[in-house]
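Labels for the chains are A, B, C and D, by order of writing; each one numbers its residues from 1.
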């Protein structure tokens, strides 16, 4: 397999898909957060790869922003996890359905 | 370099696969570290050493540590693993996996439509990255700063409250002062009547 | 300028009512009464001014005011009144006075906000009657709609939320169609002439392709027939009328419906003469259906306000029939019908409100024999019931007769069916009279007959309806230039 | 004098206004003065006017006075203009004169009533409206009066409104006449469309040149006007309201439902005679309607037991004679019969009112009887009226007018033996039921004691009317007896003279037959109800007789027919759609969108996984689009 930009992007796509599977299948919020991290990371890889394809620094800068965002996301997300654990005594995502719409009668 | 890249990619993919299939949170996190390290290798092989180092420091270092802290704090151990084991039956994961597979296939097909361009690995120096960062993207950097700040404050705020609080919109409507006063007197009356009753019927706890 | 003053008096007085209600409620009533009274006198003054000079020779537009509003979009603050507008303004302020008077003791909660809404609705209606910039027209159209919504939704009867929503959705749907039509006209006109303007007179000169003209006209027409209302868009009316407070019903029946008719006369026919002529037959048909259907529905109702509401549907059918016959006599009849229907139906709603105040019900099955205890009210009711069934000597007859007389050459069979409306109107009117005032007395509790305030309002209405019945000539002369223009425009179009 | 004719309706109108506005505060004598006084003043004015008219007729045959321009728009213009010509004069005279007498009578009759002011207000308004009707210069003003009298009729039939039956009768009267009125309104529209004017003299002048003889539009207009007249004058098939209208007080029945309002149809047709003459079909229709009505109503009158209903059916029948006369072209004969009928029928109703009041509001004639000696004055006056109704030869006014009609139904231009047969059998029936009425009420043994005796104010009008019932006929004699035809000379200033056919048997033959039949009718009434009362009793054993009797009694089942054909389906239909069919459409729209909302709500299930899957599906959708585009 030649070392093309596509190859790198395919790797990123595979990682992204794996992260997505994680988000979709797991029950525990921690696992979901982890999977989100994988997806963000995969997106970052795609950025970097695209930047390197043109030999420009912009891709790396985008990766930096993704990184910052991931950090903020993880910190808020984990705070929410703690809070959820306190209130629901569980980290089961299926128990948290406060946004469910009440079907009118 | 391609060889390095391929090896790292395979490691990354396998370890990621392990992440999403583990039942124990701590195992998953350890595989995630491997995955991140492999990713750092990929970055290196692409000629982006700065990013590779950041990947290791921030992702594999800071974020993973945060996650591990939380896992330890909440004592997520066997119970969680059991729950996940019971949950992760084929019927729950086959459907989403197929969807994701379709997505992946489509992405791959789309990727192969564009002309194949061989990758010339030519490292972009850190200097260029820094100049671009503080020149063209300076506003974005500021915004990222805001974001992190907000993240920190938000995290601090959210994790501070211990009691279950409803949003004010969700609270009972029209709780005027008069009504509250009525309620208070009602409660008092109730207590006074209960005072006459035998002791074991008294409310156990008063907050 | 005087038109601007009129409208702003109402708007400002409305604000003051809202603000001052916290301190002094009775002052609020007096403020609103005097604001409407001043406007009424101003309108009388304009009419008097123009009656000194012979009306028939004066130009069609008697008062005009124009200022730039948003010049970059061609939006101007353009108000003008011809005989028709002035007449409707007079009706607007006359009924406005009665509306203020009849809510004097009826409204006890949020009085300031109530009068704010009342005055703003009146301001919106007055604005609709004089706006000659289409953007401004739409603006006033909405101004009259929203306070009316609040009037129904806050001070209405038990089922007020439903009625208010229904009223709002119906009129708003029509209003949006009209907005689309206005915009389409604006852009087509701009593309043709290069100057983008919402002004009525410049838009009059737009030449439209038949298809475009038909669609744009349908937009306007739908908005207006919903307001009118014509069957099958009349459903909001019974609910809104029956749930609204008395003054609300009065304004709805007396004025809001007239804005629909006014819109057709002022905009639909002059702007799209060919398209209007092309659908004239259908429009007349719907008018006739409205006449018959409204009458049948009115006959079946047991809720007194719903009954009166359906009579409005029936009477407004005459308006549609008359306008689209494009005959001078019929159009004069339409104007008469608008004015007299405003007065007579308004009076009936006032009476229904008084009955509700005394009996706490709107169900005519629970009434009966009220003449014995309230002969004065019975006498007044008789006058207006007779007006509603088109008894000569009272104004409504003139309107209906002229409409039919004019519509007859235009479409004989439809006019004949419409004339059968006379029979149906007798059916529902007498049923109302009999169920409420005649028969054995069913209510034991002593009832108070009309007091001085109520008597004064009713007498004012009786005098006006009788005057219109025996000497309608001033009205006819006043609107003659407008009507003539319309007829000429339509006849050019049909040729 | 020209400037005074507006005062004639103005007086009663003034009375109405005063009584309507402040009537309840006034003491009863005041009300009586206003109510009766204004009509009397009008009557005096009419007498003066009439004398002047007869002495020095105006140049163009009519007095006119314009009050103000009512309406003027386009080429339509109408004024409040009154016009009195010979025809109007006859009507105005009857209205004010009989009206004044009835008002005087009512002053005493209604003395005990709580709503004294309302009664007189309505009566005055009626006189005003009726005067406007007959004095109108244009058809719009005529229509005003036409509807006005309908309103007053409604108000007065339902005068005792606390009884639901009275209100129903009032409503029925209004509804049915309104049907006729609507037809008439359509006729007016058609006339205006054709001629461009509604002014009566203009119509009469323009019609012969504008319309063709027997053209369909002329016929249509004439038939529509006829329908209007049929409604107001209670002719077949719109006659059912009049018997029920007897629910009103007796003076009302006398004034409105006997003397004046119900003859408005006659006036209208006579007024529009030019239009009718242009349409032979409409003339024939008028005659047939009149002929059938007089028979149908006569048969019903034969079996009624309520004294006022008998008179009501006889009124329908007599107006049938007028229509018959109009239809055959005997214009002046119709008006002459109206003239005499107004006196004797008003008399009969007023006398009946006295009888009813004297017997504790007893309406059934079979519970009366023997009143001849108890109420001698009433008996004598009633007898005078009854004689006129039965057309007793030579000594009653009814004889002269009816004989003329019967003669013309054969001999006039539009006449035919069939119509004559209808008329002559009607005469027989009339004589029979009149005799029955008089004998059952006044002869035999007394069944209900007399409780009150009429006041003087009630008997004086009776006497005056009784005298008139006898002598009013003397102004017009049959030609073969005496050449005195004052009435037709007066009326023929407006109405065309009756054209006789040629080759007709001598008039004396018809007179002989008519007299013979009248006497036969009277005798058979006398025989069956006085001499041999058991004959009726024997007949009543037979079911066929009872069935026929009940059929006649119910007014030939018209009420039941209309009830099943019109009223019930109408009420059913309106009730069916009470909640408004179109509202269901809107409600359907609303519930449809609510149902959609419910369906979409299921997607809003709060599960994060579900939302993410939604996003994924969306992404897939976009990518798939990318793939295939």
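In this text, a contact is a pair of C-beta atoms (placed from the backbone, for glycine too) under 8 Å apart; a residue touches a chain by one contact, two chains touch by 3 or more.
These numbers come from a predicted model, not from an experiment.
**Q** Of the chains present, which has its C-alpha mean closest to the combined C-alpha mean?
**A** Centroid comparison flags C as closest.
**Q** Averaging only over C-alpha atoms, locate the centres of subunit A and subunit C and give their separation in whole Å.
**A** So the centre of subunit A lies 62 Å away from the centre of subunit C.
**Q** How big is the gap, in whole Å, between where the Cα atoms of subunit A centre and where those of subunit D centre?
**A** 94
**Q** Could you please state the distance in Å, as a whole number, between where the Cα atoms of subunit C are centred and where those of subunit D are centred?
**A** 38
**Q** What's the distance between the Cα centroids of subunit B and subunit D, rounded to whole Å?
**A** That pair's centroid distance is 94 Å.
**Q** When you check subunit B against every other chain, which residues touch at least two of them?
**A** As it turns out, subunit B has residues touching two or more other chains at 96, 99-100, 103, 107.
**Q** Listing for subunit D: what residues touch at least two other chains?
**A** Within subunit D, the residues that touch at least two other chains are 613, 616.
**Q** Could you pull out the residues of subunit A that touch at least 2 other chains?
**A** Residues 20, 24.
**Q** May I ask you to sort the chain touch graph into line, ring, star, complete or other?
**A** The chain contacts form none of line, ring, star or complete graph.
**Q** Note which residues of subunit A are touching subunit D in the complex, please.
**A** Going through subunit A, the ones touching subunit D are 20, 23-24, 32, 93-94, 96-104.
**Q** Please output the residues of subunit D touching subunit C within their complex, sorted ascending.
**A** 20, 24, 68-74, 76, 80, 118, 140, 143-144, 147-148, 151, 154-155, 158, 161-164, 167, 170-171, 174-175, 178-179, 181-182, 185-186, 188-190, 192-193, 573-575, 577-578, 580, 582-583, 585-586
**Q** Which subunit C residues qualify as touching subunit D in the complex?
**A** By the definition above, subunit C touches subunit D via 166, 231-232, 234-235, 238, 296-297, 299-301, 327-329, 332, 369, 371-372, 375, 379, 382, 386, 391-393, 397-398, 401-402, 404-406, 408-409, 412, 415-416, 419-420, 422-423, 426-427, 430-431, 434, 437-441, 470-473, 476, 480.
**Q** Considering the complex alone, what residue numbers of subunit B touch subunit A?
**A** 1-2, 5-6, 9, 12-13, 16-17, 19-20, 25, 28-29, 32, 35-36, 39, 42-43, 46-48, 50-51, 54-55, 58-59, 62-63, 66-67, 70-71, 73-74, 76, 80, 83-84, 87-88, 92-93, 96-97, 99-101, 103-104, 107-108, 111-112, 114, 116-122, 124, 128-129, 131-133, 137, 140, 144, 147-148, 150-152, 154-159, 161-162, 164
**Q** Could you pull out which subunit B residues touch subunit D in their complex?
**A** Answer in residue numbers: 96, 99-100, 102-103, 106-107, 109-110.
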